[in-house]
Amino acid sequence: DSGGTGSSGNAAAGAASPAANCAIATAADPGNSQPADGTPVAENAPKLAQKDTYRVAFSQNANNGAWRIAETQSMQDEAKRLGYQIQVTDAQNNQSKQIQDIRSLIAQKPDALFVAPMTEEIGTVIGEAKSAGIPVFLIDRTVSNAQAKAGTDYVTTIVSDFVQEGKRAAYAMAKATGGTGKVIALEGTTGSSSAVDRKKGFEDALKQCPGLELVATQDADNQRARAQDITESLLQANPDVTAVYAQGDDMAMGAIAAIRAAGKVPGKDILVVSGDGSKEALQSIVDGAMVANVECNPRFGPKAFEVMKQYAAGDEVPTKILNEDRLFDASNAAEFVSQAY
Amino acid sequence: MSAATADVATIGHRLALQRRGTVAVLVLVVLLASLRYGDAFYSGINLTSYFDDAVKYSLIALGMTFVIMTGGIDLSVGSVILLAGVAGGLASPHGAVVAVLVGVGTGAAVGAVNGLLIAHSRLEPFVVTLATLLWARGLGLQLADTQTVVYGTGTLQSLARDKIFGLTTGFWLMILLFVLAAVALKFTPWGRTVLAIGDSEESTALLGVPTRLPKFSVYLLSGALAGLAGVVLGSQTGSVSMDTGVGWELIAVAAVVVGGTLLTGGVGSIGGTLAGLLLLQVIFTIINFENGRGGIEINSYWQNVVRGAFLLVVVLLQTGVGRGRKKS
Amino acid sequence: MTDLATRPAAASVLRNTDWPSFIRRYGAAIVLALLVLFNIIFTDNFLDLRNILFVQLRQAAPTAIVALGMALVIATGGIDLSVGAVVALSGQVTAVFLLDGVPPLVALPIGILVGVAAGLFNGTLVSRFGIQPMIATLVLFTAGRGLAQVVTGGRIQTVNQPIVEFLGLGVIAGLPISVFSLIVITIAIVLVTRFTPAGTKLLAVGGNERAAGLVGIRTKRVKTMAYVVAGGLAGFVGLLELGRIQASDATNAGLNMELDAIAAVAVAGTTLAGGTFSPGRTIIGVLMLRLLQNTLVAHGIPREVAQIAQGLIIVAAIYLLRRSRDAR
Amino acid sequence: MTDTTPEGPLLEMRGVTKSFRGARALDDATMTVGRHQIRALIGQNGAGKSTLIKILTGVYRRDGGEVRLDGRPVDFRSTADAQKSGVVTIYQEVNLVPKLSVAENIFLGRFPRRRGLVDWATMRAGARDALATLSLDIDVTRPLGSYRVATQQMTAIARAVSLEARLLVLDEPTSSLAEREVETLFGVMRSLRDSGVSMVFVSHRMDELYEICEDVTVLRDGRTVAEESLASLNQYELVSKMLGRAAEQVASGARPAARPRQQAEPVLSVTNAASAPRLRDASIDVYAGQVQGVAGLLGSGRSELLRSVFGADPLDSGEIKVNGDRPSLRTPGEAIANRLAFLTEDRRAEGIVPHMSVRDNLTLALLPKLTRRGIVDRKRQRQIVTDYIARLGIKAQADQPIVELSGGNQQKVLLARWLATEPAVLLLDEPTRGIDVSAKAEILALVDKLAADGMGVLLVSSELEEVVSACDDVTVLRDGVSVARVSLDRLSEESLMAVMASGEAVPSSDVPQKDNADD
C-alpha cells in the first residue's frame, strides 16, 4: 500500500478554491518514489551464515526524540521476537562517537551490524566492518558513496526518500491553503540529510506555487521549545503568516503552541503541515490543529531483519530499499492514530 | 581563591599523588576490562580505534592544560575543531600539507583572537572563549554552508590509516606532542613562566617578567592544537559534520583536572592530562562492551549518569587523598 | 565632593561624569535600549504590548530566573554549569509524577525540591569537599541530563493537565506566569540581599573567604546556600519550561541555559572572580541577549550568522566594560 | 660601576602627580637619589610612597611630572622595562610566586640555559649562592610558599640583589623580618652601596632609617615636604615633618603606669593548648584591664596560639576558659559570641574584603548584632561607622572600597571592626605591622585605653620595643611551648631577647604552669 490517499486530500478543512497560479494546489499526492529500475544487488559484501539465532549489533546515532526511540524499540522488539541477541549503542548525536561506537562493536564481532548513520560521512568505518567480515545494513540514512560502496562495503540501505517527503508536504500545503498565503518553515538539525533533503523537496515543489510565499526559514533543531520561541518571534514580525511547514513533529507541536499563544487558531488561521507521523501529530490532525503529515516510518525492525534473513538465505538483496511512507490528513488520521508511534 | 601559603607544600604533593592515582586507576581499569572481556578488548582493531578516538580529545586537552596552568580556560576549542576541520576539509583538495596548514592556521588564528583579548585587553578568559564558542561555530557552519565537509581521499586519509609499530600515525602524533609539551613545560623558560603566571600573574609582572606574550601564547597554542585536532578528525573519519565538537571543551577540562592540573593555575602535569583523558575514554569503551554482554543492559541514558558519577568518584577520591595527607 | 554652592555647568557635568563607571553601570542597558529602538523602527508590531509581555519578556523570563541564581553563585566566586541539566531533571520528574496521577500540589513542589537537592549536592561538593566549582557542577551537568532522560526514557511526553497549562499559558495580574514569577523572585532577592545580612555575607565570602570566616560568617553554609538557591530556581524554571511546551523534553529542556546565564551575568559587568552581585543588571543582560537573538530571528538571519553576531556582541560588551573598569 | 660615572644624581623624579579615580595620591612629588647613596623614603600611611615607587617602575602611569635616570628622561612601561635599565624593585608585601620553587623564584625571567633548555643544576646552585649572601641555607627546590613569610621576603631580596641593579628600591622590606634578619639585610645593603649601587629604602621604623640611610625624602599627603640629609634632622624633627605638626604631639611610646587587674580571675585562660603542627603546649592567662604580651621568635607559634583560641584553627588538646566557663570555641562565630575578637596578622589575605566598602568591612563582625528581626539596621550601622571613622581618625569615606585605603587606614578599619563588637578579650596579632609611626602610636594608645577601660588584651608583636612598652606581662613561646613569663618589673628588650633565644626562664620569673601562675 503506497499510502496514496491523494484524491481525498481536498477534504482538508477550510481549503480555499485553488488559485490559478498554483500548479500543485489541485494535484494529487505524488506518493512514494520508486527505486530506480535495475538497482544492483549486493554481491561482494561479507556473507552471512544461516543460523537459528544471531548476535547482532545496532549503532543508533541518537536515542532521543520519539522517532528515534521508536526506531530503536522496533529493532529491539523484533530481535527479541526472533530470539536474537542485540546490542545497541547510542552515539548521542555525535558523529565521531558513532564511529568509535561502531569500531568497538566491530571488535566484538557480531554476526551482523545495523547502523543508523549520524551523517553520510561515516563511510570509512563501514569499510572496516567489511574488512572484519561483518555484513552491514544501513537504516534510515545512507552513507556517502565515495566512502563506502553499496553492495560491497555494506549490504544495503533501507531508507525513506526525504526529498520526496518534502515534496509531498509542499503538495499537501498547497492543497490545504488553496495555493496562496505566507509560509514559514522550521528545519531540523543543521546539515542532517533529512533536513537538507526535505528542505530541497519542499522548496523545489513550492516553486510551482508562486502564490505561496516562503517568508522565513529557521533552524529549530528538532526541538519543541526552540520551535515555539522561533515561531513566536516570526509570527510577531510577520503577523500575516498563514501556514507553517515543520520538518518534524516535535517542531510542529512547538509551532502549534506558539500559534495558540499568539491568540490564533491553528488549523484555521494558520495551517500546519509536518512530517514524521507521530501519534501526537496524528491526534492533532484529528483535533483539527494540523492539516497534514507526511509519514517517515521509524519502525525499521521487521523490515531490517527480514532483509537480513533474506541475505543469509542467499536471496538477492537490492542495494537500496525504499521505505513506504503514508500521507496522513483529516481523512485517515483517526484510523491510524492508535497505531502511530 | 589563592591557597593559604601553608597549603602550598601540600598542594604539590597532593596533585602529584593524584596523577599517580589516575595512572593507577587507568591501569587497573584496563586490566579488569581485559580480564572480563578477554581477547576482544585488546584485539588490534579496538585498541586502534580507542587510541584514534582519543587523539582529537587529547590534542585539545593538551592545549587546555597549558591554558589552565595560566589560570585561564578555553571554552572555544570544540567550536575551533569544527571551524578548522571545515577549513582544512575545504582545503584538502589541494593536498595534505595545505589542509594541515590551513586547519592549524585557522585554529591558531582563532586562538590568537582569544589570546589578544585575554592577554592584551585583559578580559576574562571564561567569557571571551564563551563568546568565541559561539562565533567560531557560527563561522564554521557558515563556511561549510551547514553541510558536512568531506575530506578528499588523499594522502591525508592514508596517513591517518597508516600504521607504525601496529598503531596509527595519529597515536604517534599524540605521543610526540605530549612528550614535546612535557619537555617544554619542564625545561623551557616559557613553560616555567606559564606556571608562574597561573600562580600569580600580578607577582610575575612585578618580578619584571613580561606576562602578556606567554599568556597570549597559550591561547594561540590551544587554538592551533584544536585546529590540528580538526584536521586529524577529518582525515580519520573522512569528513567533518556540523555537530562536531559540541561539548568537547568540557571533556578536555575534565581530563585536565582529573590528570592533576590545578584549575586555578600554577600547578600542572602534561602526562597527567594524557592519563586523565585515556581514563575517561576507557569508560566509554567499557560501557559499550558491557552493553554487549547482555547481562545488565546499560541504557544509553545511563551512560551520562555513569560518566558523571565516575567523574564524581575520581574527584572525591582525589580530595580524600589530599585530606589524608594533610592530617599525617 | 562637589561643593553645592558651585553647581557645575552642563559642559563640566559631561567632563566630570565618571564615564567609566557610567558605562559599567549602564552599558548593557544602553545596548538594550539601542536594540529596542532598532526594533521599534524596523520590526513590525514590536511595540505591541502583547509582544513585549507575551513574547519578548516571557521568552526571557526563565533564563533570567536561572541567571539570578547564577549571579548568586558567581558572587561567591563559583560557577554552576549544572543549572541547564537541573531544569531538565526537575521538569521530567514533575512530568512523570503528574502523568502517574500524583496531585499537582505534591508534584510541583517535588520538582522544586529536585532543584534544591541538586543545589545542595553541588554546594556540598564545593564547600565541604573543596572541589572546584566548575568540576563539581560538571558532574551534574553530565549526569543530571542523563538522569532526566532515564526518568522519561528520553521520550517527549505530553502532559495535558490544567496545572501544566496554567504554568505555560496562565496570566497573573496581566502578566504571563513566568514574567510574574521573575518579578516576584527579583523583588525577593533584592529585599533579602539589601535588608538582611545575607547580601553582605555573600559578598564577603566572594570577596575574601578567609576574612569572612574570621569574622564568624559560616562561609561553607553561605556558599552552599548560593548553590541551593540557584538549584531551586532552576528547579522552578523546570516547571515553567514544562508548562511552556506542555510536555517533558529531557533532551532539550534547559539546553545551554547555563551558558546563556553566565553570558548574561558577564555582559552585566559582573566579574566571574566573585564579590559582586547585581540582580538588576543581570536581568538587563538577559533581556539584551535574548532580544538580540529574537531580533536576528525576526529579521530572517540564519542561525549560524546569528551565532556569530551573538559572540561578537558579547565580546564587544565586555570589552567596553573592561575599558571602563581599569582606565588608569 | 666604573670611575667614569657621570656627574649629577642617578635618579630625579620631579613634580610627579597621580590620581586614582579623581583622588589625588601624588601631588608634586619629588625625589632625588644620588650615587652610592641609600635614601630613605618616609611618610605616613597613604602618603604615597608605594605609589611613587610604582610610578618610577611603570606599574602605574603618571599623570604628570618627569623622571630622569642619569639625567635622561625615562618612561618605563613595566617592571621588566625598568629592570632593563637597572632599576630593581622589591614591592611592598611579598610579591612572588608561591607554588614555584625558591630557585625558580630567584631566576624567573632569566633562567640559566644549556642548549636552549633550562639548566636546573646551575639554577639551583645559583639560587643557593644568592641566598648564601643573606646567610640563608634552605632547600631551594621546595615551593617558596611552604616557607614562612620572612624567608619569602629574604628570597625576594636575594632575587633583587642578584639582579645586579644600579638602583635598588626596597618598599618596606623589613616589616616582616626579625632583628637578626634585618641586620643581615643591612650588611648586604652596605656592601652593595660600597660597590656603587644606590638604594631607596622605605620603612616605618625610625631607628632603621637612621642606621642605614644617609638622606631622606619625606612625603606628606602626596607632596614632597623635605629632601635632606638625615644627619641634619633628629627623630622628632623628622616625624614632625612627616605629620606636618609639632613632634611633641606624637606619643612618646613611654611605658604607661602599671595597670591594675580588674578581676582576680583571668577573663581568658588557656591551658596546655596544642594545635598541630606548630603549637605544642601553650598556657596563658589574660586579665581584664591588662595587656598580656606574647613574645617569641618567628615561627614560635604565636599566631597559631591566637588562631586556635579564636577557633580559626582546630585545637587538638588543651583547655580554654572564658570568665571561668569552658565554652565551645570551635569556630570564629562561637568565639565572637563569647566576646573574643581577633585581629589577624595578614591584613590582605585574611582581613579586608577588598572591593567591599569601608562601611561593610567595618561592620562585618557586628552583622549579627546589627540585625533586628532579620533586618540589618542600616541607620545604626551608619552611626557606628561614622563614629569609628572619627574616633580612630580613619582617612576614608564610608562608601569607599577598602582596597583604595592605605595600609594603615585599612588596619584601623579592621581594628574598628573588632572594637565595634565590644569584645571582652582582644587578640591582636602584629597590630602595627606596616603602620606608620603616628598611626602606630595611636593604635598603641588605643590599646592602652581599651585595657584601662576594662578589656583584656592579648598582644603578639615581633617588635620587642612595642611588647615592652605596651604589655603588663609577657609570655614567651618557644617552639610552640610557653616557656616563661616575664612580668612588668623585669620587662626589658634585653631580658626578653635572652628568654626568647635560650628558652630559659629568667631567674625568679614565673614558670607558666597553671598552678603557680597566680602572682
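In this document, chain identifiers A, B, C and D correspond to the written order of the chains, with residue numbering beginning at 1 in each.
Everything that follows uses one rule, which is that a contact is a pair of C-beta atoms (placed from the backbone, for glycine too) under 8 Å apart; a residue touches a chain by one contact, two chains touch by 3 or more.
Each chain and its UniProt protein: B, C = ABC transporter permease; D = Sugar ABC transporter ATP-binding protein.
These numbers come from a predicted model, not from an experiment.
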item: Partner chains shared by subunit C and subunit D (touch criterion as defined above); value: B
item: CA centroid of subunit B to CA centroid of subunit D, Å; value: 44
item: CA centroid of subunit A to CA centroid of subunit C, Å; value: 37
item: Computed distance of Cα centres, subunit C from subunit B, in Å; value: 29
item: Where subunit A touches two or more other chains, by residue; value: 63, 190, 219
item: Shared-contact residues (touching 2 or more other chains) in subunit D; value: 349
item: Interface hub residues of subunit C, defined as touching at least two other chains; value: 149, 153-154, 210, 303-304
item: All pairs of touching chains, each written as two labels joined by a dash; value: A-B, A-C, B-C, B-D, C-D
item: Subunit D residues touching subunit B - in the complex, by the definition given at the top; value: 59, 78-80, 82-83, 88-89, 91, 95-100, 104-105, 108-109, 111, 113, 116-118, 142-146, 149, 152, 159, 163, 349
item: Footprint of subunit D on subunit B - complex, ascending; value: 2-9, 11-12, 183, 186-189, 192-193, 195-196, 199-200, 202-210, 266-267
item: For the subunit C and subunit A complex, residues of the former touching the latter; value: 43-46, 48, 50-51, 54-55, 59, 149, 153-156, 158, 168-169, 241, 244-247, 249-253, 255, 294, 297-300, 302-304
item: Subunit D contact footprint on subunit C (complex, rising order); value: 18, 195-197, 200-201, 203-204, 207-208, 210-218, 275-276, 328
item: Residue numbers on subunit B that touch subunit C, as the complex places them; value: 1, 4, 73, 117, 121-124, 126-128, 130-142, 146, 250, 253-254, 257, 263-264, 299, 301-309, 311-312, 315-316, 319
